[in-house]
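These notes are about the structure you will find just below.
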Amino acid sequence: MLQLKLKLERRLDHFKYENFFISMISLIFSIVIMGVFIWLNTGDFSNVVEAYRELFTWPFHPELGLIDTILKMVPLTLIALGLLVVFKMKVWNIGAEGQLYLGAMATTWGALFVFKDLDNSMIMITLLLIMGTLAGALWALIPAVLKAFLKLDEIVVTLMLNYIAINWLNYLIYGPWKDPKGFNFPLTAIFPKSSWLPEIGNTGIHIGIIIVLILVFIVYFIMKKTQWGFELKIIGDNPKAARYSGISIEKNLILAMMFSGALAGLAGSIQVLGVQHRLQHGFSTGYGYTAIIVAWLARLNPIGAIIVGFFFGGLLVGGEQLQIVMKFPISMISALQGLILFSLLASETIFKYRLRFIKDDTKSVVN
Amino acid sequence: MRKIFLMLFVALILVVSLLAASPLKVAFIYIGPVGDAGWTYAHDQGRLYAEKVLGNKIVTTYIESVPEGMESYNTIKSLAKRKYDVIFTTSFGYMDATLMAAQEFPQIHFFHCSGYKTAENMTAYFGRMYQPRFLSGIVAGMMTKSNIIGYVAAHPIPEVIRGINAFALGVKLVNPKAKVKVVWTNTWYDPATEKEAALSLLDAGADVIAQHQDSPAPQQAAQERGAYSVGYNTDMSEFAPEAHLTAPIWNWGAFYADVLQEIIEGTYKHGNVWLGMKEGIVDLAPFGPMVPENVRTIVDIFKKAIINGTFDPFQGPIYDQSGNLKVSKGKKLSDEELLSMNWFVDNVEGKIPESASE
Amino acid sequence: MYLLELKNITKRFPGNVLALDDVNFDLKSGEVHALLGENGAGKTTLMNIVFGLYRHDHGEIFVEGKKVNITSPASAIEHGIGMVQQHFTLVPSFSVAENIALGMKKSGHFRVNLKKVIRKIKELSDLYNMNIDPNAKIWQLSVSEKQKVEILKVLYEEAKIIIFDEPTAVLTPQESESLFKAIELMKENGKGIIFISHKLKEVVKISDRVTVLKNGKIIGTLNKEEFNENRLARMMVGKDFTFNIQKADNIPGKEILNIENLEVRNDKGILAVKGLNLIIKEGEILGIAGVAGNGQRELAESIVGLRKVEKGKIKFCGFDITNASVRKRLSLGIAYVPQDRKETATCPNLSVVENLFIRQKNKSRILNQKKMLKNSRELIKKYSIVTRSEEQPIKFLSGGNMQKVVLAREFELSPKLIIVEHPTRGLDVKAMEFVYNSLIKARNKGVAILLIAGDLDEVFAISDRVAIIFEGKIMGYVEPEESKVNELGLMMAGVAVEA
């Protein structure tokens, strides 16, 4: 009797574009699941078609949502670029949100107090971006040092530091930095115009996008072509082998954490200088957390980070459009984000195995 | 010739029917999810009310959980691109973004809630919530036995401070011995934190709890401890039926329906509107069964006085916490002063976080 | 009737690799049937099928004459099959009894009577002379004791068929002896033992029958009176087997490494090296012989800079390197082949190319990938490393090929000193020969080699001098000659001998 059997077995090799493939599969899977959910919920398949059309056209249409998508991509990609460097050495920086806050706060300090009388826009912006970058790096230095020398878990410390950063910001905008002309509302004064990031032409996109593009290239170069990137990879794969090879785990840990903090701080700086022009509540919609998903979905690849960042920016923009057109609740988009991460983790595991159909022909002579 | 005439006629019919049939497109931007109680819920009730009143003359939509700040500008812009005619932005932090959009899209009507900036096509609107707050203070002042009333406050911004002061003045009017204790949560919606805050006030001896957040958690805490509560935003009596005395509530529906009607008629003029109980934009929720008749009567007297303009909660004499006369007898605070209020009246126990810029 | 009978087992791995080709195998009760073969011959694959870890594509399995369908280790245990694997699956913070209770697949109850378990473990431990305390925590146990726990687990489940997968790979000769005694006892109690190994000597010593596998095919099954080392070796490698080592005399040159009064602590903080003195010269292989755990590992790690020196001095080519960093020592020319290939010497998920370069530091800080790739290809050729491609993650290479990668990398550092720890552990004969010849070649070029070896055969095969280590000190030196074995044995046991 001839039987077909399904068999799950561990795969012993990788194929070339496996990482890309895994990300795509999980994305497609999540979007299909979302469609099924919409269908079940509304009982009308045309809603599904409409939702997909909305989700994939509006955010990427040059005259509609594209600019907004790009503006959201900037912080997401920037933070993800930093995160993938630390993630590579298997250190889990959950504190990008706090590092982003510190960058924004330092920049605000510079724009409103330290350099407020500086006329030269170029110099001012450069200085402010550097301040934000440094602040983010220093904020990330805290958990790095605690982990390197006291072996404190970085996940807990970075997460806690997020709350400290948020409360610090609250203190500043409710207290010392409150706009004197703001009717006592919790926001700072508007930054001097000379500190605003210039637009590229008349597009409505600030020059932050150029910084992102440059950094994609830099991070790619670091990860692929430098001794440092190689060392991070070694530490991530086998810390014992790293020690055996004379690579200082502590030094690299501190450097990588500071690097990721610096990029998150830079993202905060760019957000306040390019978009908000003042410091207030809700200037970040959890970019520091969403960027974790971005980095992961990009499979820790810098080029992937900009592609996924773009896609996720579109997802955020498209989510709003779904609300306008379909009256879907915002939780739908959060659920979709979660679903993407979930299916990514699931498919990573599944891809370690392969499914095979085998003919089980027990009675016949073998071979 | 007849052919041309016929074509013109058909075209005319088409245009007329299109004009008549195309409803006004109205969009709302919300700070939180709609949920089933609270600030955003109150606005959404207003939206639904306007839909009901105006029927097929309008179509509405909304976007939830839009972050404040300039990023909301792009959200507003996407509504403009979708050819919405009227856009309501219902949180303070959307002010600058709304103004920017108003300047960019002069043909669209903008309404921004709780701010102060306006434009030719942008109205700043808000309600004089302090009026029903004052009335709810009367209720609390008469119901307390311990003479300690707890107030779970959101953020130290003028709107919240004004509410606390109005409430405390209402308490003082009927019960000069009672104190209003304030605890800041720095949250708008965080049931756990807000419940904690209420419990700490109950531990300190409070037997009535008032609040300025969107969650019913402080009232639930009051009910658990057998104390009374004063709600906010919408009638939350179902969350704490045994505690809920009353609540100062929003009633946006009438306002929304009115302005939309005027816009359809082409008569609306933009500006700064701060409406009170007279216009019905704010009100007091129905009393709970435990509120005795005499309390209801007194509240009713003051409600009528506020509506016909013979009484103002912020009329002198009013002293601040250090005993300085802030409003002398016969005077009352101007709208400007109310909008930037940064001090507590004398029967409030609590501090406003220091601000170095003053 | 056979206890176990395998008929026409065929197994293909992904990529259509034929791992087992029509294999027949049987086992009687009360016998040790060895499965002999080189690395990658299919021994472990076959036994993993019997134990339910893999499924075969074709063929049948019979236990006590009945055809069975083994789908998982649990069902294997149900059929009375137990396996002591190379890698232990024990929870370090649990006690022996708890670990065994944890693995109980037959109990069928959620609640475990730990007292009963402890009693039974004691009985079993006594029966097989294992001397294991059921209440000891796993982390307190040595490797051989952990293995005993694994054996007890299998015995506890009352397995009739017990598979040992290279059990001596992690044991010292003495420990191996006691394992063989336990196996003897199991035999007497009617168990059937399948013994997987590639070590001829022990196979000859303990087996009743031997089946030789090569490239997934059965070469033949021999009875006790038919086999000897020579014949088995021939069957295994397919040619007459002798270590083909050419070792010319070499006159040692100048001093390379000089260790004075070295004191080093082990992981538990106890002094493992206690005032050790040692000198190695250019062009010599110094073998260190000793029972495992006498400070060999700590000595090696302190020379390469992975372990802090408490006291004493290490001089390398005249420089004091006592407190130098690993990196510094690497650049001075100290290479190191640690004993655990997978845990320390390689990054499992990185490619062969990358693993060839983890120990090199580029001065410009920029990697020259083209050059790396070119060099790797040359090294793969030069060291005949078998890999699908140079981009293949190293974890997919066989043990022997992985070791070749490590050796290639260390030799490429052009070192003055190479420290090699158990360089041939787990390797087949061909790979062993390769390792030895490479070391001798390096020595002929003037490299100093410190060989920390597991078995004496190895020390004697290639050393120029042999130092005996005991309790963190060098007891003395002998010439690597058969006649000195007695003397050496005494010193390994801590008895001072006048050289």
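Worth pointing out:
Each chain carries a letter (A, B and C) given by its place in the written order, and its residues are counted from 1.
Note that a contact is a pair of C-beta atoms (placed from the backbone, for glycine too) under 8 Å apart; a residue touches a chain by one contact, two chains touch by 3 or more.
All values derive from a computational prediction rather than experimental measurement.
With centres computed from CA atoms alone, A is the chain lying nearest the middle of all the protein shown. Note: the chain lying farthest from subunit A is C, by mean C-alpha position. Averaging Cα coordinates per chain places subunit A and subunit C 44 Å apart. With centres set at the average Cα position, the gap from subunit B to subunit C is 76 Å.
Between subunit A and subunit B the centroid-to-centroid distance comes to 36 Å (mean Cα coordinates, whole Å). On the side of subunit A, the complex with subunit C involves touching residues 7, 9, 11-14, 224-228, 230, 233-234, 237-238, 240-247, 354, 358, 361-362, 366-367. Every residue of subunit C that touches subunit A in the complex is listed here, in rising order: 8, 10, 13-15, 21-22, 54-55, 57-60, 304-306, 325-330, 336, 338, 343-350, 354, 357-359, 361-362, 365-367, 369, 388, 392-393, 396. Taken together, the subunit B residues at the contact with subunit A in this complex read 27, 33-34, 61-71, 74-75, 77-79, 81-82, 92-93, 96, 116, 155-158, 161, 186, 339-342, 353-358. Residue ranges of subunit A in contact with subunit B, taken from their complex: 58, 63-65, 67-68, 71-72, 170-171, 174-180, 183-187, 190, 275-278, 280-285, 317, 320-321, 323-325, 327, 329-331.
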